[in-house]
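Each of the next two complexes has chain A plus one more chain, namely chain B in the first and chain C in the second.
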Partner chain A sequence: MKALIELYIQQFKTTLAMMVAYRASLLIWMIGQVLEPLVYLIVWSIVSNNNGGSIGDYTTSQFAAYFILLMLVNQVTYTWVMYEFEYRIREGNFSFTLLRPVHPIHADIADNISSKLITTPSMIVVAVALGLVFHVSLAPQPWAIALFFPALFLAFAIRFFIEWTLAMLTFWTTRVGAANQTYFVLMLFLSGQFAPLALLPAPIQVLANILPFRWLISYPIDLLMGRLTFNQALIGLGVQAAWLIVSFILLRVVWRAGIKVYSAVGA
Partner chain B sequence: MIKDSGTAPTVDIKDLRKLYMVTQQESGAGAAVQSLIHRRKLIVPAVDGISFHLDPGEIVGFLGPNGAGKTTTLKMLSGLLHPTAGEVKVLDYIPWKREKAFLRQITLVMGQRNQLVWDIPALSSYELNRVIYHIPLDHYRRTLAELTDLLELGPLLHKPVRNLSLGERMKCELAAALLHQPQVVFLDEPTIGLDVTMQRRIRSFLTEYNQRFGATILLTSHYMADVQALCKRVVVIHHGKLLFDGELAKLVQKFSEYKTIIVQIGDCQNNMADYGEVVSCEDGRITLRVPKAQTARVTEQLLADLPVIDLLVEDPPIEEIIDRVFAQEKA
Partner chain C sequence: MNYLRLTMAFFWVGVISEVAYRINFFFQLFQSLISLGVAIAGISVIFSYTDSLGGWNAQEILALVGVYLLVGGIIGLIIRPGMEQFIASVRDGNLDFTLTKPEDAQLLVSIQRTNLWSLIDIALGMGVLITALVRLGEKVGAGQAGEFVLVLVAGGSIIYSFFLILATLSFWFVRIENILTVFQSLYEAGRWPVSLYPGWLRYGLTFVIPVAFATTVPAEALTGRLNWQTLVAASIVALVLLVVSRLFWRIGLRRYAGASA
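What follows is the complex of A and B.
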């Protein structure tokens, strides 16, 4: 355990050094992270204003609150392992990773957390500024705030496990673009990134509840927006816990099978 | 540091095999469409039943032309590839299980690949390796100081790796691979693309590392100078099969049927062909190729017949011998 903590600290230093080495691209990346929800926010605000100030039970200012929170939740739960993995395997760098006496997932988790620690403060500043510009008011219950943080952490962990598992498809085929694209489209609609799920047709809402996507993005946002009762909130945490276990088991199963394939066909 | 394990070999391979399944496709659009439905699969033996072992502290050259199965073998030895059949043991571990205790004692250096993080100084990658391999801090500092000294890394450690030249990067790669003082070192073309000075530097470093830490080293290289300088013993494979395992000198003896005789006389004479095959003649310096068995007789004759200023009998260059080994195999 102590060794792992040391590894995470050292990885933090490495990630920091890499980010400093690429300041400009980091800045561009962060602008992108802000722009995407901002575009949805503006579009939905216009539609809402033309609709008499609300759509469904979302007012224009609630749309703003929703997409600003979405920006933050996405910032915390986002991963880039699916792009990384393909590159690693194709370039053969993964072989070195495999020869190290530590599971490769640790370097990725540590790298992810490290870059989040570095970028999140400025994202919070941006979020507060946007909140002021769009006259957002949020008054979540204290219990909702208390539950938000474990919910956010679980959302990160599940998303990380799922995307690491999908990334491992590279073991079977080195061109995983199509699979990634399918995943991203599902994510866009079923997690609430494109629009609050409450505004989507009922069958899609059912699907979103069954699949993991909602629990990665929409659920923590709904908590802070005051859209869940205490009981609904607890059930949500339970569902997240279940997905955490499922995604972890899936990760392990796919890892074992994938590594077998990798070491059979040529590392 | 030499592990006192009696007679147990450090590396032990018995009848090792690795088959690859490759899909084949003829050229042309028709074949491309056909391959969507049915792919013709072909089984190619990359390593086809080889056996050898390495004793603790040995440096052995692992030779063979491109595609002979050298890299595949090294990958099976380091645990990256699962053998199709046969036995591999390294330090008594089964490599493909990749147990942590095993991984901490080995290293694999591939001259064409790099493990260092491209955008940051090598020193940062070293620090990361320190925690990954659980190297105690004082130990780490001592080893790093030694490696820095041996490889003259001082001015390189703080530059981003992408700013280093190929040779500088290779030196930093070697240090990264050896920080945890592995007992077994697998080197795949460690000097590829490097200039002669840098090649020599790496060679003397490897000798030094081997002596200082008692490490067992298995090395592939296309540069025979590497092999001659480092390895007493060589293992030669071709088409996945073992061709030769023994002392480099024996390889020369076994496969060279000719000796080269270089005589310095006043000027070129036209009757030299009587003595042997004339390879070249420049400024009275004549190079003859003579069947090994006749070397003594021809030398005697040359000395008796001609006003010889200087005479030299040599084995042909090792490249030529290796060439002949592979050519024989083909025929």
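What follows is the complex of A and C.
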């Protein structure tokens, strides 16, 4: 345990140093993170105004609140392991990682959390500024705020496990672009990144409830927007807990199988 | 004429090296079809709640998606690969070899690499564009078609100059591999007419990162929205940027010290 804590602290220092060295890349990355939800916010606001100020039970300012919260939830749960893994395997770096006495996922989690610690404050500033520009008002119940943080944490953990598992596809083939893109499309429509799920056709909503995506993005947002009753919120946490277990087991199984077929490039 | 011959020669080398990986064709086709599917699904959801978006109807937005894919394909085919390789060659010193060749170095770095599979995006974009125009029932006259080609060429030149200016910065700052992704992440915003965006974002997407000239303006030409002021402005911006990027390139080149220096 002590060794792990030390690893996390070291990783934090390394990540911090990297981020300072690549400030410009960080800024570019943030522009992308902000722009996509912002574009959907603008498009849906226009549609809502055309409709006399609301669609379904979303008013124009609730659309703004939705997409600004989306920006923040996405910021916290986002990972880049799928790109990273392909690069690692292709360049053969992964062999060195395997020599270390701890599971490589720890370094990735530490790296992810440390870079989030650095970027999240600026994202919050951007979100608050946009909230003012678009006249957003939020008045969540105290219990909703209390449940939001565990929900956000679970969303982060599940998304991390799922994307790390998908990233391991590189053990079998380095041509993972098509698989990754399919995943991103499912994520776009089924997690609520494109629009609040209530606005999508009914079959998609059913699918979204069954698959894990909605529990990664839309559920924490709905919680803060006061769209869930207390009971629904608790059920949501239960579903998240179930997905956490499933994704963890999947991760273990795929890791055991993947590590057997892994052969380093150039070996 | 010589330049055209050179471009074809480089393109041919690209074709020969890529046909060894024919399976990539299907992967790229799959990915392009998915991104087209996403765009169409998005439009159909949005237009199930409204008839028009900032004055554009569904078919006109679809035409814009066609232009978006087409221009994205042109960027991926010839503009981006060459500039990426150029930035890398400043870092590792391979630019030395380009400079010793008896042709204009700017031309050589611009055409040195092509990504053959981007032709898929170009074909898909044209297909979407034609479908949208047919469904609009709009008779695109010779005048409008001419305007479209003109603003498309202007938009392409603006994007090329913009990429060249960004890439030329690598003579001063060697570690900027990521700089071209600025454009990529903002280009996504070009899927919708820039007139939808609030003022600051619209100006940003027109004059700072020239996405508007690449997508909205050509789509305006095809849907009969283009006024002559925009046409003239696009042509002037294109000419000015071509000259400015050329001058900037020559200033940058003077700073280049070579690999071993």
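The rule we apply is simple: the second predicted complex is superposed on the first by the 262 of 267 C-alpha atoms of A that agree within 3 Å, B and C clash if a C-alpha of one lies under 4 Å from a C-alpha of the other, contacts with A are read in each partner's own complex, and residues count from 1 in each chain.
Keep in mind that, in the parts below, a residue touches a chain if its C-beta (ideal position, glycine included) is under 8 Å from a C-beta of that chain, and two chains touch if they have at least 3 such contacts.
Quick caveat: nothing in here was measured; it's all calculated off a predicted structure.
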Partner chain in contact with A:I46 - chain B first, chain C second, else both or neither: second
Partner chain(s) touched by A:S263 [first = chain B, second = chain C, both, neither]: first
Chain B versus chain C as contact partner of A:Q11, first or second or both or neither: first
First (chain B), second (chain C), both or neither touched by A:I249: neither
Contacts of A:L98 with chain B and chain C, given as first, second, both or neither: first
Touched partner set for A:L138, first chain B, second chain C, both or neither: neither
Chain B/chain C common contact set on chain A: 22
Chain A-touching residues of chain C, taken from the complex the two chains share: 27, 30-31, 34-35, 37-38, 41-42, 45-46, 49-54, 175-176, 178-179, 181-182, 185-186, 188-189, 191-192, 196-198, 201
Residues of chain A that touch chain C when the two form their complex: 22, 24-25, 28, 31-32, 35-36, 38-39, 42-44, 46-47, 50-51, 55, 175, 177-178, 181-182, 185, 188-189, 194-195, 199-201
Residues of chain A that touch chain B when the two form their complex: 3, 6-7, 9-11, 13-14, 17-18, 21-22, 91-93, 95-96, 98-102, 260, 263-267
Contacting residues of chain B [partner chain A, same complex]: 20-21, 72, 75, 78-82, 96, 98, 100-101, 103-104, 106-108, 110, 113-115, 117, 119-121, 124-125, 127-128, 130-134, 160
